[in-house]
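Next, two complexes with subunit A in common: one pairs it with subunit B, the other with subunit C.
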Partner chain A sequence: MSIDARNHDDAEQMGGGSDGDDDSRSRIGRWAKDWMEHPEKAYAVMGVFMGGVLLTTSLFPLYWLFVVAMAPPGQTNISLIPAEIDLTAFVDIFVQVPFARFMFNSLFYAFSVTAIVLLIGSLAGYAFGRLDFRGKTPLLFSLLVLSFFPPATLFLPLFRAFNQQIPLLGIFTLPAEIYGTPGAVVAPLSAFTMPLAIFILTTFYGQIPDGLEDAARVEGTTRIGALFRVIMPLSAPGIATAGILTFITVYTEFFFSFLMTGDSAAEWAPVVNGVLAFQTQYTTRYDLQAAASLVAIVPVAILVVFAQEKIISGLTQGALKE
Partner chain B sequence: MARVKLTDVTKEYGDVVAVNDMNLDLKDGEFICLVGPSGCGKSTTLETVAGLTKPTSGEILIGDREVTNLPPKDRGIAMVFQNIALFPHMDVYDNISFGLRLRNFEQDEMDRRVDNAAGIVQLEGMLDRMPDEMSGGQRQRVAIARAIVREPEVFLMDEPLANLDAKLRVNMRTELQRLHKQLDTTIIYVTHNQAEAMTMSDRIAVLNSGELQQIDPPLVCYNEPANRFVAGFIGSPSMNFAMTTIEGDTLQADGYAISFDTAAVDGVSDGDQVEIGIRPEDIYLTENSAEARNPSTAFEVQTDVLEPMGDEIFVYLKPIGAAGESGMGDIEERQGLLMSVDPDTDIHEDESVEIVIDRDRIHLFDVASGDALSHGVVTGATEAEAGEGGAQAD
Partner chain C sequence: MSEQAYAYLLLAPGFLVLLLFAFWPLASAIRTSFFADIITGSGRLGEFAGVTNYVQLLTNTNALAPAPFLDPSFQIPVLQQALFMTLLFAVLSVAGETLLGFLYAMLMQGDYAGRKLVRLLIILPWAIPIVIQGMIFFLMFRPGYGLLTEPLQQLGIFSSLPLNTTFDGFVIVTVADIWKTSAFMGLLILAGLESVNQDLYEVADVMGASRWQRFRYITFPLVFPVLMVAMLFRTMGALRVYGIIEATSVGCTTVPSMSCLVVELMFGSASLYGSAAAASVLIAIVVGLFISVYLLFIRRSSQSLGFA
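On to the complex of A and B.
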């Protein structure tokens, strides 16, 4: 209080000294005085400014994609405001290449990895969160360590294993070549996204009171039954969080899904290949690429819009009262 | 409906023995309370019957089936939990019918049973509510309805009333008794509240440190405790204990002496140390000594603190000439005597009064083992007592 008061006096003196000669300086002085007296005004201005910067930096690329998609084919000089709104590019992308199939491929990866991760991650989360067993902590830590590896380091061995039918660990060979099949993408991506999901689910499942599980078991479920009927429904925010993080990670994943599959839609190529398909040896249809990129964002955008409440509550709160 | 039998059940957690060699044989339709202090193993015992915990050794029978290694769902039991444990994401109907749905009951039969159970616990018209819209008492009723709807052979209740407020607890206590009368199902009820145990049960099983101390009807536990632990645990306020030395036919305590019939007490001899236990209501002012059936010789004591309870007054007494302090409150520390008198008695703090002790109701305990040696220290006392059994429950 006393410090505020002193600052206030100083500001007044500064403003007073520069009063007569320079009008702009006195205006700055008045601002400074006003903000020092009412810091919340300064915070509001800074908040609006920061928000504006963030919105611009995150939304402008999307707007730019839209502008590019509006431009006629081959035009390189693109103005900031499109000359005309012409949405044919959004139709053309589905006509010129099987873009829907590319999207389906990526969505298929995202959905199947999410399902696998949630199923196996739930079982692991149950064990880590609700059971006591020897070696629990080391196991959880090794899982964490696993997620520290850059996935790219594992690409070559996996590529060989999927392509050349080499004996794994000298014990078994994979039954068939799985390069170019969904398995070559789903298996490694499931493994890479699993640790985070297990951590999230462990936290949530560990918070469900023992009494509820006991009650479910006495009422007639097995432990697994209690997991699916009671623990998972009550951990919905956690499952939504883990599921959506996994989904987005896989849907936007480029490295494995690009390299483990062929280039055509029928060879299970992901949506990135779909965008690249508008680039031929002689021409590049930037307008179609931009349109395709925008369409590719739609599923994730829908997901986030509908699930953001769950994600936020899942990331921040997590506690469940009985 | 079924009998429940535990044979040599032991449960160890690492080095800790939670339940040690428990033997219980419950009759069909019996209401039995497991009581004991915190950590005595009563909940663990219940969990082994429920199947939520597997005993380290021993055998459990429900009805005529050995269920030791069966999962909870196959044991024909239902359980009510201390924290109520309703499924928060289901409405009342779904909570009650949870077990029935798992067993693929027909919808009609399910509706009929849920309505019936809801009627028994007076929950009609609330079937579509969510648990968080209900009061504590209503939730507990839902939990009980969920237990009775499956018509189990045995009910297990783990301190079901502990989280309710005092008034509700008394109401639910009465309702549970009514329920037991109505359903006539075997009930195993865990509580640390001895008032619940005394009022509701057919028999009380008193546990301490994982071991069964006594299993008897409530008044037998009260009047003829098997050992010092039971004597101190059952009854509120608890029994007075005093160390005495036997000198001929007197029990010489710190500051007073009580004469007794040597013939009435077996297994003690001159010079032995024994511990005597006297309930507060068995101490009388000399002017009321006619109420005692077999009064001891009067002796003088100093009153210390009075605790008027409304229906009676608790008076802390210190025998004149005693060495120790009165050590109020704490059972183990209490050196003097606690007496209960009528509320209209003319008695004040720090005055000296004369009291007598009803020798029919003095309990003798072995110092080393804590086992009861005798209930009443004059001939014929025990018989007289067993026939009467009119002691206060709470």
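On to the complex of A and C.
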């Protein structure tokens, strides 16, 4: 034990606890002694303290949003504690703009891209994970390279193709105005999120023992049947991980969602435009923007509540074992 | 059907989608970058111009390019501004996210009552749409409205219009990014922590290792490869930063990133498609350089640990 600690012991004995000040000092001394003898306790206290600080930093911005949503319209210099709990903003957002439709559009994008990516990505992941074929490495490598390019690079040609300025693939001009339909967002985002999903699924499918698939084949299942009835159920954690990552990526995405759609809900604009819709040329209702933001977080918050164990176990089990 | 043919059949739908909406636009962007800009007409391309667009971007001689983003008195070419901003942003945000991510991962790992709640609260910011993340920080720093504007101004750290000042805007964007994506970093690091063989810690305990030694000699080296992969992902994201700059309404004129440059060239006063494409290819080259450095690092570190 250090000299300091011994001094503390002495101080505690000499203090004798005659008045309040001494009493508190001796209590601190006792804590110090206790912690030095049992460092785990000190670590535990430090851990709780640090945890508190971290959680505050991660939650404070959301609390601030709530405070702003409570404030009456036009108020400036908002204080940290709302003067009154006034939830009318949460109703107004659905009255002033079709916010429900904006949210539906965003969720529609997220669900359709996830479904497309999981279905098509599963087939590719199965081929990469369980089959031998020529060109496997170059194809996997092309996926890797693709996922390194910024959305800005891919955006320009797609934007022009969707507006009939140039033909897609240089061969066929897209028929009607695709810009302003869900396809203009769903198609590029599917392509953009596909490589990571394929990587995750490849790892999971590769881990399943061959024997199980062979057994299913002996039972008379077709190859494709074995994929859907044996391989996919066994890789449920991997599919969940890939699905959740894709869903969250699409729901939170900004670049394509913002630039590939019009501004109104009827033109399939997502939450991005919904939140910005409260900004008109003359006034901006910050309280409504804050309320709308909180409402838009609800779907992903629910997803995280139910899926957090899946996300963590999925990543641990295989996504990173490359 | 042979295994080979079956494999190609399964790959076909995926690669068809990728061909149409990823490989083709990529090739088209590269091709476009070699054609001259035309400002009259419906934004079509001019004649084949070789590397003119690149030369003009690199030497800042494109008269139609957007006016200098930053204070014109700086006399710094647009591309250099964008490159400098983006690299600084990438370094600072990834460093901050790694540090905070490690703390988050350790907080998520322990086995204690209320762990589920803690995990939820940590992960939540990551799942929040970028536009809302921007809204939060916009509302915090809007002059006369936001809670943090005045105190920071009185301390002399921020100006009175933080969202329109380059230094302040840069800090806001960086903090906003760290706030949102540290959780993702934390998740990946947690995956690394959980895959560490727990027996090693028991051995360390028997040998009387301190907490720091356990971290220094067991946790860190074993988590290092995963950490590199996580940093690789985040660096790629940071180099492409655009959304948060727009969403906080700091805007591309205050904090010009490389992606900003593309969007400004494309949607700015003139639709300079050739130059925009050239700028986006330059981004891809910068990202590619970073990726190669990381991959080299990852390969070397896994070799020194004795893996394949």
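Simple rule for what comes next: the second predicted complex is superposed on the first by the 270 of 322 C-alpha atoms of A that agree within 3 Å, B and C clash if a C-alpha of one lies under 4 Å from a C-alpha of the other, contacts with A are read in each partner's own complex, and residues count from 1 in each chain.
Definition applied: a contact is a pair of C-beta atoms (placed from the backbone, for glycine too) under 8 Å apart; a residue touches a chain by one contact, two chains touch by 3 or more.
Model, not experiment: these values are computed from the prediction.
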Query = Fit or clash for subunit B plus subunit C once both are placed on subunit A?
reply = fit
Key: Residue contacts with subunit A in the superposition, subunit B compared against subunit C   = C
Request  = Examine A:214 and indicate which partner it touches, taking first as subunit B and second as subunit C; both and neither are also allowed.
outcome  = first
Task = Tell me which partner A:42 touches in the superposition: subunit B (first), subunit C (second), both or neither.
result = neither
Query = Once the shared chain is lined up, is A:61 touching subunit B (first), subunit C (second), both, or neither of them?
reply = second
Key: subunit B versus subunit C as contact partner of A:154, first or second or both or neither   = second
Inquiry  = Just checking: does A:194 make contact with subunit B only, subunit C only, both, or neither of them? Give me first, second, both or neither.
reply    = second
Note = In the overlay, subunit B and subunit C get no closer at Cα level (Å) than 8
Ask   = What is the shared patch of subunit A, the residues that subunit B and subunit C both contact?
value = 320-322
Ask   = For subunit A, which residues are in contact with subunit C within the complex?
value = 39, 43, 47, 50-51, 54-55, 57-59, 61-62, 64-65, 68, 76-80, 106, 116, 120-121, 123-124, 126-128, 131-134, 136, 139, 142-143, 146-158, 160-161, 165-166, 168-170, 187-188, 190-192, 194-195, 198, 223, 248, 251-255, 258-259, 271-272, 275-276, 286, 289-290, 293, 296-297, 300-301, 303-305, 308, 311-312, 315-316, 319-322
Inquiry  = Considering only the defined contacts, which subunit A positions touch subunit B in the complex?
reply    = 209, 211-212, 214-222, 225, 230, 233-234, 320-322
Key: Residues of subunit C defined as touching subunit A within the complex   = 3-4, 6-8, 10-11, 13-15, 17-26, 28-29, 32, 42-44, 100, 103-104, 107-108, 110, 116, 118-132, 135-137, 139-140, 142, 144-147, 179, 182-183, 187-188, 190-192, 194-195, 211, 226, 229, 236, 239-240, 242-244, 246-247, 258-259, 262-263, 266, 273, 276-277, 280-281, 283-284, 287-288, 291
Contact set on subunit B toward subunit A in their complex = 50-52, 71-73, 77-79, 81-89, 98-99, 102-103, 146, 150, 156
